[in-house]
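Take a look at the structures below.
Same chain, two partners: chain A is paired with chain B first, then with chain C.
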Partner chain A sequence: MAARPLLWLLPIALVLGTVYVIPVADVVRLSFSDATLLRPAESYGLSGYAAMLEARDLGVVLRNTVVFTVASVVGLQLAGLLVALLVARGDRRGLPGMTALRTIVLAAWVVPGVANGIIWQTLFSEAPFGAINSTLALIGLPRVAWLSDPEMAMVSAVLANVWQGTAFSMVVFYAARRAIDPRLYEAAEVDGARPFARFVYITLPQLKGAILVNTVLVTIQTLNTFDSILALTGGGPGRATEVLSLHIFNRVFYNYDLGGGSALALVLVAISTALTLVYIALLGRGRT
Partner chain B sequence: MTLRLSTSVAAIALTAAPLAAQDLITRDRVGLPDAPNAMSFRLTAYDLYSSDLEMRAAFEALFTEFIEARPDWRIDTQLATDNIGEEQARMLEQARAGRGPDCAMIDSSQLATFKAAGVLAPMNDHWAEEEIADLFPFVREAVTDADGNLVAWWWFTDLRVLYRDTAVVPEAPQTWDELEAAAVAASEAGLEGILFNGARWEGTTFDWLGNFWAAGGELVDEDGRPVFGEGENREAFLEALGYYRSLVESGAAPGRVTTINNYDEFNAAAAAGTAAMFVGGNWQYGQLAGTLSEERFADWAVSELPGPTAEDRATGTGGWTIAALSDDPEKVQLCAEMVKEIYSGAGNAVQGLLPTSAAQYETYDAFEGPQFDLFAEALVNGRPRPGAAIYPEISNQIQILMGDVLSGAAEPEAALDAAFEASLAAYERL
Partner chain C sequence: MSPRAADRATYLVALLIAALFLVPLSWLLSLSVRTPQEVYLGAARYLPEDPTLENFRLVLTDRSFGLHLWNSLKICALGGAGAVAAAIPAAYAFSRFSFRGRTGLMVAVLLVQMVSPLVVLIPLYRYMDALGMLDTHLGVIGVYVALGVPLSVWVLKSSFDRVPRSLEEAAEIDGCGRAETLVRITLPLAGPGVAAAFILNTMMGWSQFLVPFILLTDTGKVPISVAIFNFAGSTSASTTQLLAAACLVAILPALALFVAVQRLIVRAVSGGAVRG
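And then the complex of A and B:
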C-alpha cells in the first residue's frame, strides 16, 4: 500500500481537481481574455491586466484591503488570545461556566458572514432608535457616526469582522495554551515571578508558533472576507470600505467585466498562495 | 365590468384551495411530481412563496387553478435570492451557457442586458396586438426588441413618491427649495427632516435619478454610451447632486442617509415618529397602512417628487418582467399563459402592484382610491432606467459618488468626473 500512494491519493486528487483546479484554470484563462458576462471571450491578451493597473480606484481599494486586513488580524489575535487565556485560567481554577463561555464565543463563528453584517448593521444603526447609539445616549455619551463617516465605517467593519473571527483565534490559542507544560509555571511561581512576567517570559514564547500560524490563517481568511462587508456597508460610504474581494465581486456582477475581474481575482489568489506557502514553511519549521 | 377579484381570490384561497395546494404546490414545484412535461421558473419571494400567508394563499389558489387545467405539466420553481444585481447577473450567465431557467422574472432594469445577450424567446404569438398597444409607452419600448418582437411581459410597475407627515409638513412641497425649507424646519423641531436612500445599492441611484431627469439630464445616448458627465447632462447632474448635498449640509437630511439601503428604514422611522418626510416607493403606501395605527396613518400623505421647478418633474419607474428563456415553443407558451392567467392582472390586483396597461386600472377595483389617482398622475412623468447594458455600472458609480459627496469625502465635480471616466472605461470593455 505504501509503495503505491498515488492510487490512494487519486480520489481526493479528482475531487480537488474538479472543485478547485478546473475553476482556477478557467479564471486564469478568463484573466487573459476580454470576456464579459454578456459575451464570451473574443480575444486574448493582457488588456484585462492593463485596465486593472490603469483603474484609478485600485489604489483606494488596495489601501482599504491593507487597513482592513492588518487591523482585523491584530484585533483577532488580541481578542482570541485574551479569551483563550481567560478560558484557560477559568478551567485551571475550576470556575463554572467556562464551557458556556466557549460555546458563546464559538456561536459567533458559525454565524454566516451576511448574517453577521446584518446583525452589526442593526446594532450600528444611526437612526434615533439605533441600538448602540441609543445606549450611548442613555449614559450621556455622544452618538457615533458608525457607518456614515468614512473612517468610522472602516472601524465598524473591522469590529464586525473581529467579533465573528475571534472564536477561531481563541480555539488555536486555547489549544496551544493547554499544551504548555504546567511545570514551567510552577517553577516560575517558586522563583517569585509575577503574573505579567509569567505571561511575557513563559506564555508568549511558548505560543510563538501558534501566533505565527494563526496570523497566516486569519490573514488569508480576512483577505477573502466580503460577505459581511457587503451586508454591513456595501463597500460605502463611497468606497470607504470596499476591499479587494468586494471590488472583484462588483467588477464582475455590476461591470460584467469577467476578464478584469478574473485578473484581480488572480492577484488575490497570488497573495493568499504566498501566505499559504509561509504557513507551510512555518509548519515545517515547527516539526523540525 | 369591474371585478372584485382580489376579494374573490382571497376567499377561494382561504376556503377551498388549501387541500389541493398541499398536493400540488411545494417549495420547489407546482403540479404533480410525475407530470410528463416540466418547465423551470425562477421567481422572487413575494408571491407564491411570500412570507405573508394571505398573499401566499392567494397565489397558491391562482397557481392551483392554472396547473389543474394543465395536468400534463409541472412547474419546477426556483426561488431567486433578494440580491437582485448578483442574482440577475448569475441567471444571465446561466442562460448564456444554456443552463438558465425556462421562464423567469427579470428586473426591469436588467431587461436590456438580457435582450442584448439574445437569450430571450419571442412571445409575440401569445398576446394580441391591442394588448401590446395598450401598454404604457415606456413599457412597450422596453419589452420589444430591435426586430419588433415581444420578448418579455412587464407585469407591474412602480414609482418613487414623496411621503410626508402632514402634522409636520401640511402642504406638499412642489420644488426642491420648498422641500429643503420644510425639512430644515422639521429638523429644528427635533425630527429627521427628509430621509432617502444614500448607501451602496440600486435604490440610491434609482430614487435620485428622478431629480436628474427633472433637471433635464440623460444618462446614456441612443447607442447606450454614457453621456451623463458631458455638456448639459453634466450641468443637470451637478444641479441634482447639489440638491441632495444641500439637504445634508443644511441639516434637512441626517448624515445617516449614506447608510440607508432599505426602504424598511423609512417605515421604521414613520412608525417611530422620528421622520417628517421620506422618498419612497408607491408600494410603501400599503405597508404604512398596515404598520401605523389608523390615527397615525391618517397623518401621512403622498405626493409627487418635487422638481427644480414645480413644472419640471420626473420619477423613476421600475417593476418586474417575466420572460421565456427556452427554445421549446411549448414552454414559451406555458410561460406566457402563466403570465396572463396568474401575474398580469390577477396578480397585480392581489398584490396591489401597479399594472402596466391603462385598461387594467379600469378592470380591477383594487386600484380604486385617491393614492392610485396620484400614482397614475405621477406616472405621466415616469421614466424607466435606460435600457442599456452599461446601466448597472453607471448605477454602481453613482452610488459610490453619492456616498463620497454626501459624506464630504469628495467634491461633486471631482466625484462626477471619476464616475464618468469609470463608466466610459467600463463601456469600452463591454
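And then the complex of A and C:
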C-alpha cells in the first residue's frame, strides 16, 4: 500500500518528542551542569553527581525506597492474587456477587492519589477521634502511633498504597487465571490432587509469566509515584517515608538544586529502563 | 472440603476483602455527614446520630471550590481529547499499514509511560517558564495530551483492528483517499473505542496531581486534586468534616465515570499488560 506512515505518526512524534524525548535528553545535560531552577547552567562537570553521592540523606532515601517498593510490590501481588483467584473461583461456581467484589476493589484504584493520602490520614489519625485508634480504644486495645513513629509511618504508607493499587494486579492475574486450560485441573482432579496441590502445581506455574510481568510493572509504578505519600506523611516523620521520587521533587522544586536533582532523576530513569528491558525480554519470551 | 463448604469459605473471604476495601471510603462518607461535635467522637459515631448535609452545602456553594472543579473538567477533557486527536492517525497507521519498525515503534510508544512525569517536568518547568506558559492551562493541557497518548494509541489501534477492511475497500473504490476513509468510515465504526480512550484519559487526568502542582501556582487556576491537597494542609481537626466532604466531591466524578465504563477499563488494562 502506497502510504507514508511517517506522516501519520507525525502528531504523536511531535507530542512525545516535546514532552518526553527532548526533556529526558535535557535532564541528562542538566545532570552534568551546575544549573539551579532560577538560573541556567554556567559550567558543566560531575558536581551534580558528586553532590548526589555526598548528600548524607541519600542513604536513608534509598533505604526507604527499597523498603517501600519491595513491601508494596509483595503486598500488591499477594492481595491482587488472592482477590483474582477468589473472583475466578466464584465465577466458575456461578456464585453471584463476584462482580460487586471486583467493582469495590477497582473503586479504590480510581481514587486520586492525593485523595487516597487524605483518606488514610483520617484513618491513621493519632488524635483521640482517629478512625483506627478510636476503634482500638473502643475494644480496649492500646493506641498505635501510625504516623508519628518512623517505622509505623512506613507501614502505614505501604498499607495505603496496597489498598489503592491492588486492583491493577487483580485485573492482570484474573485475566491470566482465566486463560489457564481447564483440562489441566480436570486431569489433576482425576489424579486425586487436593486443592492446595492444584494451586502449587498448576495455578502458580501457569501464572508465572503474569507474575513476572506484573512484578516489573508494579515496581515501576511504585517507584514513579509519590502523591499519596506526600498527602499522607509528607515524607516524614523526619525523612522516615521520603522515597526517591519524593526526594527528587523536594530537591528540585524546594531546594532549586537542578544539577543534583537531575542526576537523581537519571537514577530513577535508569532503574525504570532496566526494569523495562526485563519487561520486554519477558514479553518476547511469552511470544515464542 | 465439599464444594458447598468451599463456596461458603469463598463468600467469607470475599466479605472480609469487601469490608477491608470499603472501610476507607465509608469512613470518608461518615466523616462528611457529621457535625463537628460528632467528628470528635471518632469510631463510636461511625453511623452518625445526627447526620447532616451541611458540609456538602458549604463545599458546593463555595465559589473557589466550583472553580477548581471547572478547572479540572476543562484540563482533563481538553487534554483527553487532544490525546485522542493526536493518537488517531498513528493508531490507524499501526492498524492498517505495514512498514519497517512498526512493532518496535508501537512498543516504544508504550514504553514512554515508564518514564515518571516527575523526570520530564524538571526541564518542562524551565521551558514553560521561558515561554511564559507557567500558570497557564494551555501548558498543563499540553502535558496531559502527552500523558494520554500511549494508552490512546493502543486502545484506538485495537478498536480499528476490529473494523472490517472490506468496508474501507468499498470506500476506496468510490474514490475516497486514506484520510477521507478514516474520517468517514473507520472512525464512526470505531466510535466506542474512541469514547473509551477519551474517558480513560479524562479519568487519568482527574487523578493527576504532580503536573498541575508544579506548573500552576495561581490558586484560582489549580484543579481539584491540587485544591484538596492545599485544603488538607490548611485544615485543623475542627474542619475535618469539610475536608471529607470536599474529598468525596473530588472523588465522585471519577468514580461515576468508572462505574459507567468498568468493562472498558478492565479490557484496556489486561490487554496492555498481559499480551503474549
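In this section, the second predicted complex is superposed on the first by the 273 of 288 C-alpha atoms of A that agree within 3 Å, B and C clash if a C-alpha of one lies under 4 Å from a C-alpha of the other, contacts with A are read in each partner's own complex, and residues count from 1 in each chain.
Throughout what follows, a residue touches a chain if its C-beta (ideal position, glycine included) is under 8 Å from a C-beta of that chain, and two chains touch if they have at least 3 such contacts.
In this text, all values refer to a predicted model and were calculated from it rather than measured experimentally.
Q: Clash or fit: chain B against chain C, after overlaying the two structures on chain A?
A: clash
Q: Who does A:Thr36 touch here: chain B (first), chain C (second), both, or neither?
A: A:Thr36 sits against chain B, while chain C stays out of touch.
Q: Report for A:Phe253: first if it touches chain B alone, second if chain C alone, otherwise both or neither.
A: In the superposition, A:Phe253 touches chain B and chain C alike.
Q: Report for A:Thr276: first if it touches chain B alone, second if chain C alone, otherwise both or neither.
A: Touch partner of A:Thr276: chain C, not chain B.
Q: I'd like to know which partner A:Leu268 touches here: chain B for first, chain C for second, both or neither.
A: second
Q: More residues of chain A are touched by which partner: chain B or chain C?
A: C
Q: Is A:Gln206 in contact with chain B, with chain C, with both, or with neither (first, second, both, neither)?
A: Neither: A:Gln206 stays clear of chain B and chain C.
Q: A:Ala175 in the overlay: touching chain B, chain C, both, or neither? Say first, second, both or neither.
A: Once the two structures are laid over each other on A, A:Ala175 reaches chain C alone.
Q: Based on the superposed arrangement, let me know which partner A:Ala240 touches: chain B (first), chain C (second), both, or neither?
A: first
Q: With the two complexes superposed on chain A, say which partner A:Ile220 touches: chain B (first), chain C (second), both, or neither.
A: The second partner, chain C, only.
Q: Given the superposition on chain A, at which of 6-14, 78-86, 132-140 or 294-302 does chain B overlap chain C?
A: Stretch flagged for C-alpha clashes with chain C: 78-86.
Q: Identify the overlap between the chain B-contacting and the chain C-contacting residues of chain A.
A: In chain A, residues 37, 121, 127-129, 249, 252-253 are touched by chain B and also by chain C.
Q: Within their complex, state which residues of chain A touch chain C.
A: By the definition above, chain A touches chain C via 1, 3, 5, 7-12, 14-16, 18-20, 22-24, 26-27, 30, 37, 82-83, 86, 89-90, 93, 95, 97-98, 100-101, 103-108, 110-115, 117-123, 127-131, 133-135, 137-138, 163, 166, 168, 171-172, 174-176, 195, 209-210, 213-214, 217, 220, 223-227, 230-231, 245, 248-249, 252-253, 258, 261-262, 265, 268-269, 272-273, 275-276, 280, 283-284, 286-287.
Q: Can you tell me which positions in chain A touch chain B when the two form their complex?
A: Counting only chain A, the residues touching chain B are 34, 36-40, 51, 54-57, 121, 125-129, 145, 147-150, 233-240, 249-250, 252-257, 259-260.
Q: Which of the residues in chain B come into contact with chain A in the complex?
A: Residue positions touching the partner: 85-86, 89-90, 92-93, 96, 113, 116-117, 192, 198-201, 254-259, 261, 265, 268-269, 272, 274, 389, 392-393, 395-396, 399-401, 403-404, 406-407, 409-410, 418, 421-422, 425-426, 429-430.
Q: Chain A touches which residues of chain C in the complex?
A: Of all residues in chain C, those touching chain A are 1, 3, 6-7, 10-11, 13-14, 17-18, 20-25, 27-28, 31, 39-44, 85-87, 89-90, 92-93, 96-99, 102, 105, 107, 109, 111-112, 114-127, 142-143, 145-147, 149, 153, 178, 203, 206-210, 214, 225-226, 228-229, 232, 237, 240, 243-244, 247, 250-251, 254-255, 258-259, 262, 265-266, 269-270, 273-276.
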